[in-house]
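Next up, some structures in C-alpha cells.
Same chain, two partners: chain A is paired with chain B first, then with chain C.
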Partner chain A sequence: MFKLKVSDAKLLRDMATAISILVDEATFQITPEALKLRAMDPSRVAMVDFEWPKTVFDEYVCTEPTKMCINIGELLKLLKRAGKDEIIELALDEKTGRLQLKIAGKYTRNFTMPTLEASEEEVPTPKITFNVRAKATTDGLRQAVEDAELVSDHVRIEADNEKLVFQASGDLMGATIELKKGSDALLDLEAKEPSRATFSLSYLSEIIKAASATSDIATLEFSTDMPIKIDFQQAKEGKLTFYLAPRIETA
Partner chain B sequence: MWSSQRRVDKCSPNVWLLDILKDSNVGAEVKFEENLLVARSSSSGLCVACKGSRFLCGKTRCPIIVKANYFLKSVPLMQSEDIAGASPPSVFVGRIGYPYVYAGPLVPPVQEDTSLYDLPEYWFGKSIDEIVGFRSMLIRGKYRVHVQKFENAGKIIEKTRELALAVKPVDVELILKKKPRGFILLDDEVQPFGPSAPIRDLIVGNARWDHQIEKAYNDTDLKAAEAVLELYSKGVLVTKIQRAFSVGAFGLEKNRRFVPTRWSITAVDSIISKELMEKVKTFPEISEYRVYESRYLDNIFEVLMIPGKWSYEAIEAWYPGTVWNPHGRSVVMFSDREGYEGRTTYAEIGGCYYAARLAVCEQLVREQRQARVIVLREAHPGYIMPVGVWQVRENVRNAMRHKPYTFKTLSEALNFIASRFKIPIRQWIMRSELLKDALFQKRITDFLEKIKG
Partner chain C sequence: MGVNLRDIVPKTVIRLEDLSGKSIAIDAYNALYQFLAIIRQPDGTPLKDSSGRITSHLSGLLYRTSNLVELGIKPIYVFDGVPPALKEVEIKRRMKTKEEALIKYEQALKEGRIEEARMYAQATASLKDYMAEDSKRLLDLMGIPWIQAPSEGEAQAAHVVKRGDADYCASQDYDSLLFGAPRLVRNVAISGRRKLPGKNVYIEVEPEVIELERVLKGCEITYEQLIDVGILVGTDFNPEGIKGLGPKTALKLIKEYGSLENALPYIEDAEFPVEPQKIKEIFLHPKVTDNYKIEWREPDVEGVINFICCERDFSEDRVRKALEKMQKGISKLKGKTTLERWFG
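Right, the complex of A and B next:
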C-alpha cells in the first residue's frame, strides 16, 4: 500500500515540473522511508537524482517497497488544477494499477490516471572527483544562463579561488558573466585547482529555471571536462540534484 | 519582375528571347504568336547579356532555353480556347490572393493515358527534359474562389473537386475565356508549368473516385489529419492524398477549405511524418552508424543515421549557379532541425525538410528502429530548375531503398561522406547541430562506464 498527503500543492507541482524537464515517464522508487527517483533524459546527457524522505509529507504510508511509473506530463496537468493552499492526496490502487489523485480545497476533486510499466534500469550516479565547489543563489545562476543564452547555445563555466565565470561565444556575439567570491550571488567558492568545462545551455537553463522554483540556493560542483553536479538545496529535507555531461570540442 | 505584354512587343529587353526562339530549330517548325508568350526579366540582367549561350549563371544548361523548347512544342496544342483531353487527374490551387485563390484543373490536350503526368511517385529516374516535357503540356484553367466558400462557388469548382478525387485519367473539356498564355520565367522560381487561362466552362466526364478517398470525403466527422493518416496507412499514394487535401475533401464539415497546392504538399508530408515519428520513438535504437545515399538530377543526398534517440536535421548546400543561389560566388548552406520532442514552428528551409523527414521515417518504421538522422544534400549546377518537393521525397526514398554503408564509429562514417561530397566535411560539421552534438556532447553514461571499467 502506498499513499501520501501534501498540504501545499505548489511543492508537489514544482517538483514534478523539475523532473519533467528530463523525463516523460518517471519510475519512482517507493520505500517505507522515502520517495526516490533517479533517471537520465532520453539522450543520456543529463541525470536527475531526487529523494524526498517521508518527513517532507504531511502523511506518508508505504507498507512495502515498490516501483511506480507514471507519465509525469499527465500528472503535471492534474497538479496544475490545484490551487495554492489546496491539499493533495496521492494513492496507488494496486489492484487496478491506477494512481488516484485527490485535490481537496473548497471542494473535492478525484482523478485517476494509469501507471506504466516500470523501468528496470538501475542508474548509478557518476562518481567524480570535483575540484570546484561553488554555492550560489539560484536567482544569480538563472540570470547568468539567461545572459549567456542571448549569444550562444553553450556556455563555458570556469572557476578559480577568486571567481566563477560564465563565458559564452556565438557566431557573432560573446558574453562574460563574472560572479566574484563573497558577492551577493556567490556565497561560497572553493577550487582545488582552476577548472573549466562547457555545457549545453538548453539543458542548463531548463534545469536551473525549473529547479529554482523549489530552491533559493544551489551548489555547483565540477572539474575540467567532467560532468557538472548541481544540487538544489530544498526548503524541507530532501534532495534534488542534477548531473549534466560536458561538451568537449575537439578540432 | 513582370513585364507587361505590350512591353514585350516593343521595348522589353526580353525581345532577345523571342529572337532566340525564332532562330532556333524548334522555333522554325512552329508558328507562334508573340502575344502568347510573356517573358519575365531577371533583375540581375545576366540573362540579357548571356542570351542562353554563354552560361553566365553557372548552370550547365540554360533553363530558359529548356523551358522555351517545351513551351514551343505545346504551342500547336493551345491554339484554341477549347481544350479537350484526359486530365491525369490533376488540379492546381494557387496561393496568390489567399483567401481568394485561383483553382482549377490541369488538362493536357491529349487523349491517352496521362496518369503519369501528375504522379511524382513514378518520376524518379526521369530526366529534367522529360519531366518538363509532360508538365508543360498541362494547361491550367483558373477560377477565382474563396477557400472557405467553395460550396456556393458553382459548377466549375464542384467539377474541379470531383476531378481531384478521380482514380484514373478523366476526359475533360476545358472551355477557356481566351487562348491560354504561356509563361517563360527568367527568374526561375516556379516549377515547370504549362500555359493558363481563366475558365468559361468545364465539362468533366464520368469519373470513378478512389473509394478510399471517397470514404474519407463522405465522413464529415473525420478530422483532416486523421483522414490523411487513415488513407496513408491504407497505401494511398501521398500525391493522391495531397490532391484531395488541396480541394478541401477532408476534415470536419465546417472546417473544410481549399488549400494552395504548395501548402497542401507540405501539410500532408508533415502530418504523416509526425505520426510516423511517434512510432519511431517507441522502437529500439540502431546499433551502428549508417550512411544511405542517392543521386538524381545533380542532387546528391547522403543520409547519416547515428545510434540514439530520434532527432532530425536537414542541411542543404547550394552551389553557385543552382536554383536558390543563382548569383552567389560561394556555396550557400541552409539547415533546420528538431529534437526528440519535435518542433512547433515551420522549418526555415521549407517543404524539403518535411518531404525528407517523411522518407526517413518510412524507413525507420519499416525496420522498427529509431536513430538520430541527418539528411545532407548537395545541389550541383546540373540542377538547373526546381522541379518540386517530390524530388527530395523520392530521392531520399530511393536512398532508403538501398542497403546503407555501415560503420562502427562516427568518424569512419564522416570520412565516407567526405569522400562523396565536394564540400569539406568540416563545413558540414560546423553547420550541423546534431553532428556537433554527436561529436562534442558527452553522455552521462560515458562517465558511468569509466567508473565501472
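Right, the complex of A and C next:
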C-alpha cells in the first residue's frame, strides 16, 4: 500500500515542476522511509536526484517497497488545480494500477490517472572530483543565468578563491556576471584550484528557475570540463540535486 | 515492403529532440522512396525543375536533413548496392505494382478524380539512378556522410550500428532487426504530419525506438529465431510469406518447435520461392563493408545553392534558411557531452 498527504499543495507542485524539467515519465522508488527518484533526461545531458523522507509529508504510508511510473506533465496539470493551502492526498490503487489524487480545500476533488511501465534503468552517480564548492542564493543564480541568456545559449562558469564568474559570449554580445565571496549572493566559496566549465543555458536556466521555487540556497560543485552538481537545499529534510554535463570546447 | 513484425515488437515512442547528439544510420533508399511518394502536388505530380527532372527527393533530403541537424541529430545515409539475387521476386512484384498504379493514375487523372490520382501516383514512385546520384551530390555539399552498401542498405546500416559507429538505424521497415540492428528508430525521415491514404485526414507520426534486445526478451526467443519468425511472415526474399500466417502465429510456431526447420513439417502450404535456409543466410551473414568513413562537416552553402537553386530551380531563400538551421544545430552540438562519460 502507498499513500501520502501534503497540507501545502505548492510543495508538491514545485517538486513535480522541478522533475518535469528533465523527464516526462518519472519512475519513483517508493520505500517505507522515503519517496525517491533518480533519472536522466532522454538525451542524457542532465540528471535529477530527488529524495523526500517520510518526515516531509504530513502523512506517509508505504507497506512495501515499490516502483511507480507516472507521466509527470499530466500529474502537474492536476496539481496546478490546487490552491496554495489546499491539502493533497495521493494513493496508489494497486488493483487498478491507477494513481488517485484528492485535492481538499474549499471543496473536494478526486482525480485518477494511469501509472505506466516503470523504468528498469538504474542511474549511477557520476564519478567526479570537485575542485570548487560554492554556496549561493538561488535568487542570485537565477539572475546570473537570466543575464547570460540575453547574449548566448551557453555560459562558462569560472571560480577561484575570490569570486564565481558567469561568462557568456554570443555572436554579437557578451556578458560577465561576478559573484564575489561574502557578497549577498555568494555565501561561501572554496576552490582547491581555479576551475572553469561551460554549460548549455537552456538546461541550466530551466533547472535553476524551476528548483529555486523549492529552495533559497544552492550549492554548486564543479571542476574544469566536468559535470556540475547543483544541490538545492530543501526547506524541510530532503534532497533535490541536479547534475549537468558540460560542453567541452575541443577547438 | 519489408517484414511485418509490428504486432510482436515492443516500441518506445520518443520525441525527435530526444535523439539530439545521437548518430543515425538512415536507410537512404527507404527515405528517398518516401520523399518521392509524399512530396507531390495535389494531383500527384512530383516536384520537377524547369527541364522536367524530378526533384522531390532533393527537397525531402534537404529539408528533412536540415531539420534533423538543427535538433543536434547526426545523420548518415546508407545507400543500397546490388540487391541479392534472391530479391528478384520482390523486385518484379514491385515493378508490377508500379505499372498497375501508373495505369490507374493516368485513368484517374483523365477522369478528374484528383484525390485518387494522387494516391495512385504515390504508388508509382520509382527511384532512378540519377536520383541516387543527385542525392549523394547534395549530401556531399551539405557535409553529411553517406555510405555505399555493397548490397542491402539496411544490412549495412545495421552493421554500422553493431560496430558502434552509429547509435541507431533509421528505417520504416523492421528488416533492420533481422539484420541484427541493436537499435532501430522508425518515423525519423518523415515524422510530423502525414496524410492518411485516400482520406483528407492527417495523423501525427511520432518517432519510435525499437531495441533488439527488448524484442527478443519480450518474445522470449533468440536472434536466429526472430529471423525464422520473419521468414514465416514474409521478407523481401519471400514476400508472400506463408499464406494466412501473421507475426503472432509465426512467433507461436517458432517457440513451439524451436526453429523454422523443425516447424515447417507442421505448417500447411509452406512454400518458398527459394530455400528458406538461403534467406536466413542473407540475414545472418549479409554482404557488408568496413570500408567507410563517417565525418560531418559544415555545409558548403554556395555549393548547395549552385546545385539545387541554379541547376534544379529551388528557391534560394528557402534553401539558405534550411542551411542556416543546419549551422545552428552544428554549433549547438559542438562540445556537447553526456553524463554517461562520467559513470566510469
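FYI, the second predicted complex is superposed on the first by the 251 of 251 C-alpha atoms of A that agree within 3 Å, B and C clash if a C-alpha of one lies under 4 Å from a C-alpha of the other, contacts with A are read in each partner's own complex, and residues count from 1 in each chain.
Quick note on the criterion: contacts are C-beta pairs under 8 Å (C-beta built on N, C-alpha and C of every residue); 3 or more make two chains touch, one makes a residue touch a chain.
Keep in mind that this is a model prediction, so the values were computed, not measured.
**Student:** Return fit or clash for chain B versus chain C, each positioned on chain A through the superposition.
**Tutor:** clash
**Student:** Now for A:124: first (chain B), second (chain C), both, or neither, which partner does it touch?
**Tutor:** In the superposed model, A:124 contacts both chain B and chain C.
**Student:** Return first, second, both or neither, reflecting whether A:42 touches chain B, chain C, both chains, or no partner chain.
**Tutor:** In the superposed model, A:42 contacts both chain B and chain C.
**Student:** Taking the superposition on A as described, I'd like to know which of chain B and chain C A:56 touches: first, second, both or neither.
**Tutor:** In the superposition, A:56 touches no partner, neither chain B nor chain C.
**Student:** Which of the two partners, first being chain B and second being chain C, lies in contact with A:99: first, second, both, or neither?
**Tutor:** neither
**Student:** Would you mind checking which of 63-71, 171-179 or 225-233 on chain B runs into chain C after superposing?
**Tutor:** Stretch 225-233 of chain B has C-alpha atoms clashing with chain C.
**Student:** Determine where on chain A the residues touched by chain B overlap those touched by chain C, and list them.
**Tutor:** Correct list for chain A: 40, 42-47, 124, 126-128, 153, 200, 226-227, 243, 245-250.
**Student:** Okay, in this complex, where on chain A does chain B touch?
**Tutor:** Touch list, chain A to chain B: 40, 42-47, 124, 126-128, 153, 200, 226-227, 243, 245-250.
**Student:** If you look only at chain B, which of its residues touch chain A in the complex?
**Tutor:** The contact residues of chain B facing chain A are 308-309, 311, 340, 433, 437, 439-448, 451.
**Student:** Which positions of chain A touch chain C when the two form their complex?
**Tutor:** Residues in contact with chain C: 40, 42-47, 124, 126-128, 153, 198, 200, 226-227, 243, 245-251.
**Student:** Where on chain C is chain A touching in the complex?
**Tutor:** 14-15, 17-22, 72, 332, 334-344
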